[in-house]
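See the structures that follow.
In the two complexes that follow, chain A is the common piece, with chain B as its partner first and chain C second.
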Partner chain A sequence: MSGTVRATLERASPARIARRPTRPQLIKASVTTVLLLFAFFALPELLSLYYIDTMTQVAVYSMVTLALGLLVGRVGLFSLGQAAVLAIGAWAAARLLFATTQPYPLVLLEAGLITMVAGLLIGLPALRLRGLYLALITLMLAGSITVVLATVNFPNGGHGFLGYNGGLLHIPPIRRPSIAASDPAYYRFSVVIAIVMFALVLAHIKTKPGRAWAAIRQSEPAALAAGINIWFYKLWAFALASFITGVAGGVLAGAIHYLYSINFPTQDSITLLAVTLMGGVFSLWGAVVAGLLYQFLPALLNNWGVSADWLIILFGLGVLQVLTTAPAGLADQVPRDLRRLGHLLGTRIRRFRRGPGGDGA
Partner chain B sequence: MPPWVDFEPFIVSGLALGGVYALSGVGLVVLYRATGVLYLAFGAIGALGALIAWSLTTRAGAPGWAGWLVCVAVAGAVTLGYGLLFGPALARRDPLIKAVATIGLTLILYGVMDLLWTTSGGQARSLTLPTDNGGFTVAQIQVTWTQVIALAAGVVLTVGTGTFLRFTKLGTAMRAMANDRDITATLGVPVRRVEAAAWLGCGILGGIAGLLLADLVALDATTLTFLVISSLAAVLIARLRSITVTFVAAIVIGLLHDLLTPIASLTSYRDMTPFVIAAIGLLVLSRHQVMTQSREEA
Partner chain C sequence: MIEVDGLTVRYGGVTSLDAMSLTFEQGTCGLIGPNGAGKTTFFNVLSGFVRPAAGAVRAFGVDLLSMAHYRRARWGVRRTFQTEQAIEELSVFDNVAMVHEHSRLGGASRRADVLDAITFTGLDADPETKVRTLGAGQRRLVEVARAVVGRPRLVLLDEPAAGLPDEETSHLAEVIRRIPEHTGALAILVDHDMSLVSACCATTAVLDFGKLIASGPTAAVLRDDAVIRAYLGVA
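This part shows the complex of A and B:
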């Protein structure tokens, strides 16, 4: 039995089934390319500084929701502690940026790796738990990390291991890469980093780890029976998600220049899970939608003078709606509804053209 | 290490806090066992009730007891409403999804509270119970009646709920549903009605806990909403099953949390107590991993 399942898993590799891309795939690829080019070249020219900064945040949080969506949607691990992981990444990056003169991308890589190690240390024992217990223990750990961060604070150019000096009168800003010192340039920089992270996840999903995760999500005993090392692949997913979130934390550090522990409350982890579910966890687009929901909508509402509390209420309704009726989130639901609407309109128009008599009740 | 005298007042406040955690924990365990829902909005409904009570008593000039009754009634009604609306729709999903759905309710309530009772204004609200003023002294420690009530409520409700589950018909039905919902339904138990009773009971406990915590800790939407995370720790150590273990764990967490206050090197880390205890407890308890395929654990 193990052989069959394994063979199915191997065969399911899209690379082997279709070497030549099909038409929908081509359309999808070209739409993605156009959108990316638009986001990279046109967007900073069109938007005001306020919205450029907002879009930088969208890029950052798309990476965070990408990581969370990977855990939730691909492997079935619910984490309620992602904001704390992001804080670890931001802390590590800020510490390295103050202490060294390394190039920014290298710092991002290191911050990602440090966060990954931290995530693994947390994940190793926590992964013995499953489902609800795992989700709750991540919430507990996030709570602990928040308390620790509130005490040790973020590095602000001080000395010592923690790099914090409470008595500093003039706090130096966290530096940005020399090629991306201005806000539009930093936005482009963060988009590039986000693209790299999305590509990293895509590469995982399309290959062996992705298939192993899919098997684990369906049924752990079946995956075990198929000879998949459940523990190893779960840990791998945890490590990858922590790495991506750590990198996102590093990008965030440069984006906002000053970090305070009050920016990373435990409830953010809960909201992050909500927007990730709303965006959709089964598609990479879901992460982008979630990033927009989490950062762009509040900025828009703020600009209109509407309280962000309405958004929290919307997120709550969204979670309930996703869990009861639309498990694949907005990334799946909106195109499907649009297609259905188009179809409906198409038939109506055709019927109308055939003659007004053809129109029924 | 500070002298023992410094710790003494914190024993009382710790026991009171532990009592409220126990009360919350018992409410959560009962609902979980009857419906499979871990009710993460427990703190939010308490906060909503407490804020409404505050508005009624300080703004509308209603008498105190009316405010408290409304607080408990609102918490019960919101919980019952959620249970009736979303309970059946999610009944067959796994506990994790049910728990995440209550996060949706938490966010809605939190948004509404932040909208109606803005916290950023800086004006601190407080809800004081008349029992704050009265009190007595035990071995030179000042004890207020509110603290006594908090601990007593924890004890009474733990014992009461335990008795209720053991000896009444409704309690037996709830225990049966915890074992197997389908078989219980086949045996002629009105499953929906029993679930509704559990929702209402949990909501009422949430209201009481909200009222007590608003007095003992702070009347603030954010604090009260997310304080549920701390009481979750006790529930987790009890693995969402035993009421007795929940009670003991809650008291230990409350006591330890407050006893760390006078120790200078640890005082800023004392809010970690529930998390650390829960994490250690869970990890120790999960040493022997069994791969189950049952619906409860899946």
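This part shows the complex of A and C:
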């Protein structure tokens, strides 16, 4: 054995590489906990009902952008059909909520699973395609689903498989969980569901599927050489993303009480991809930022009396900005720029304290 | 032992491998030849990326070509790539663990096996470091660690020393030479660096335009007239 090899072997002894959380990891965990506690306990106390409803929507769409970010950022699959997948989840949940008296979380699970099966059926043929072609196919499929939904309508308490009755005068609202009937309580409920979905994704990306997806995204030959069944793992990503979006659809159903196909236009899928990219697809925080951009920003503009249509232009510019200056999105760029700003201010303040002309010597 | 029999690969009108028949016995075997000779194509056939037009490959008594490509890693085929393919987003540990979890070995010994493979390569980096922060030589070692983890049977090294400075190449040579004894696998080394091939391989085979033109003990092969002609292009 050569000297170099022996020396490096000694340096890399297993004792040196015990797994211990690093300082940045601890900071990140504490910040996350504080923000979650704030969102859960303080936010509903501070906000008006208008903004509480908005934040419920933010929780719903954070789940949708979480799923889309998983596909785009972790696996490299561009889907332009997420609004339609959300609609399927909302439809399935609404149907189950009208037809049964099952507990709400169970309905969410079932709606997620039904959407997952639908997503897999869409994904199965689509996964043979990549990049632009996959995006195009998913967009066309989303368009078809919108057309079908416009014909069959969302369940409104009617009978039969579709559960729709066009002649109903008093449409019953879609029910909420009994413990979360009020708007603030339902907001808290949706935050909890979102946390569960984020944890589900985190559990995936930190383990075997996450490693496989990272390999597939960078190099399919390297993934194959590592024994990764590319087709299976892509399908798994599609299934997981559909499940999460389906659950989000179920939460949305209870949030808005009445569902119409007009709530799910095909072009929403494009805007969703834009905000997902802006938020950042390589970090889970990106999904929260995307949810805020998608729901909180329009609510804010509405409140100020500015037309939300301006957002389309703003999002266009935002995507351009993100793609040219921060490919990892706002979730990466903002903390980095804030750190830089803090560093800059710190240097200035130290220099100022030393006093003009006093070089600190 | 790998027995290659009449292996032929065609890309359209180009015959990339022309009825190649050869046996790799054991240890580290060299496979050399000028650019376009079919070396990487041969590796691609063994990895399952390319389907040959004809021929058979028996690896330790198993018909390798009938196995699905992603199953070959589980069986024991490992490889590195000409342009290094360490996964940048993952840590060194995760890069190696990724191969281990698709191998025949269970999860119980994973952490120990992965750290052992990293230690074997002598990589001087914290296993929790992201690969994107590593230098070229270190990334090559990550690839080698991936190739030796999880009880491999056949390790294919495709120009592992390309672009490395001399000092790192000699370290790599030391690591490659020890692969068969450490893992029990048969290793095949493709490289243009003859000093690396001489240092690592007892036997060497030479390809030129898809045809096998020489094979045998490395020193003898490198003195072979046909080999010198192939490399220098003398008629």
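Following the convention adopted for this analysis, the second predicted complex is superposed on the first by the 339 of 361 C-alpha atoms of A that agree within 3 Å, B and C clash if a C-alpha of one lies under 4 Å from a C-alpha of the other, contacts with A are read in each partner's own complex, and residues count from 1 in each chain.
The criterion applied here is as follows: a residue touches a chain if its C-beta (ideal position, glycine included) is under 8 Å from a C-beta of that chain, and two chains touch if they have at least 3 such contacts.
Note that the structure is predicted; figures quoted are calculated from it, not measured.
Undergrad: State whether A:320 touches chain B only (first), chain C only (second), both chains, or neither.
TA: After superposition on chain A, A:320 lies in contact with chain B alone.
Undergrad: Should A:137 be classified as contacting the first partner (chain B), the second (chain C), both, or neither?
TA: first
Undergrad: With both structures placed on chain A, which of the two partners, chain B or chain C, ends up touching more residues of chain A?
TA: Partner touching more chain A residues in the overlay: B.
Undergrad: Which partner chains sit in contact with A:211 here, chain B, chain C, both or neither? Use first/second/both/neither.
TA: In the superposed model, A:211 contacts chain C only, not chain B.
Undergrad: Would you check which partner chain A:311 touches, where first means chain B only, second means chain C only, and both and neither mean what they say?
TA: First partner only.
Undergrad: Report for A:224: first if it touches chain B alone, second if chain C alone, otherwise both or neither.
TA: both
Undergrad: With both complexes overlaid on chain A, does A:178 touch chain B (first), chain C (second), both or neither?
TA: neither
Undergrad: Intersection of chain A residues contacting chain B with those contacting chain C?
TA: Dual-contact residues (chain A): 219, 221, 224.
Undergrad: Under the definition above, what is the set of chain A residues touching chain B in their complex?
TA: Of all residues in chain A, those touching chain B are 78, 125-126, 128-133, 135-137, 139-141, 143-144, 147-148, 150-151, 219-221, 224, 266-267, 270-271, 273-274, 277, 307, 309-320, 323-324.
Undergrad: Spell out the part of chain C that touches chain A in their complex, as residue ranges.
TA: 47-49, 69-74, 77-79, 81, 85, 87-90, 94, 97-99, 101-103, 112, 115, 118-119, 122-128, 146, 167, 170-171, 174-175, 178
Undergrad: For chain A, which residues count as touching chain C in their complex?
TA: These residues of chain A touch chain C: 1-2, 4-5, 8-9, 11-14, 16-17, 19, 208, 211-212, 214-215, 217-219, 221-222, 224-230, 282.
Undergrad: For the complex, give me every residue of chain B touching chain A.
TA: Chain B reaches chain A through residues 38, 86, 89-90, 93-97, 99-101, 103-112, 114-115, 222, 225-226, 229, 232-233, 236, 268-269, 271-272, 274-276, 278-279, 282-283, 286-287, 289, 291, 293, 297-298.
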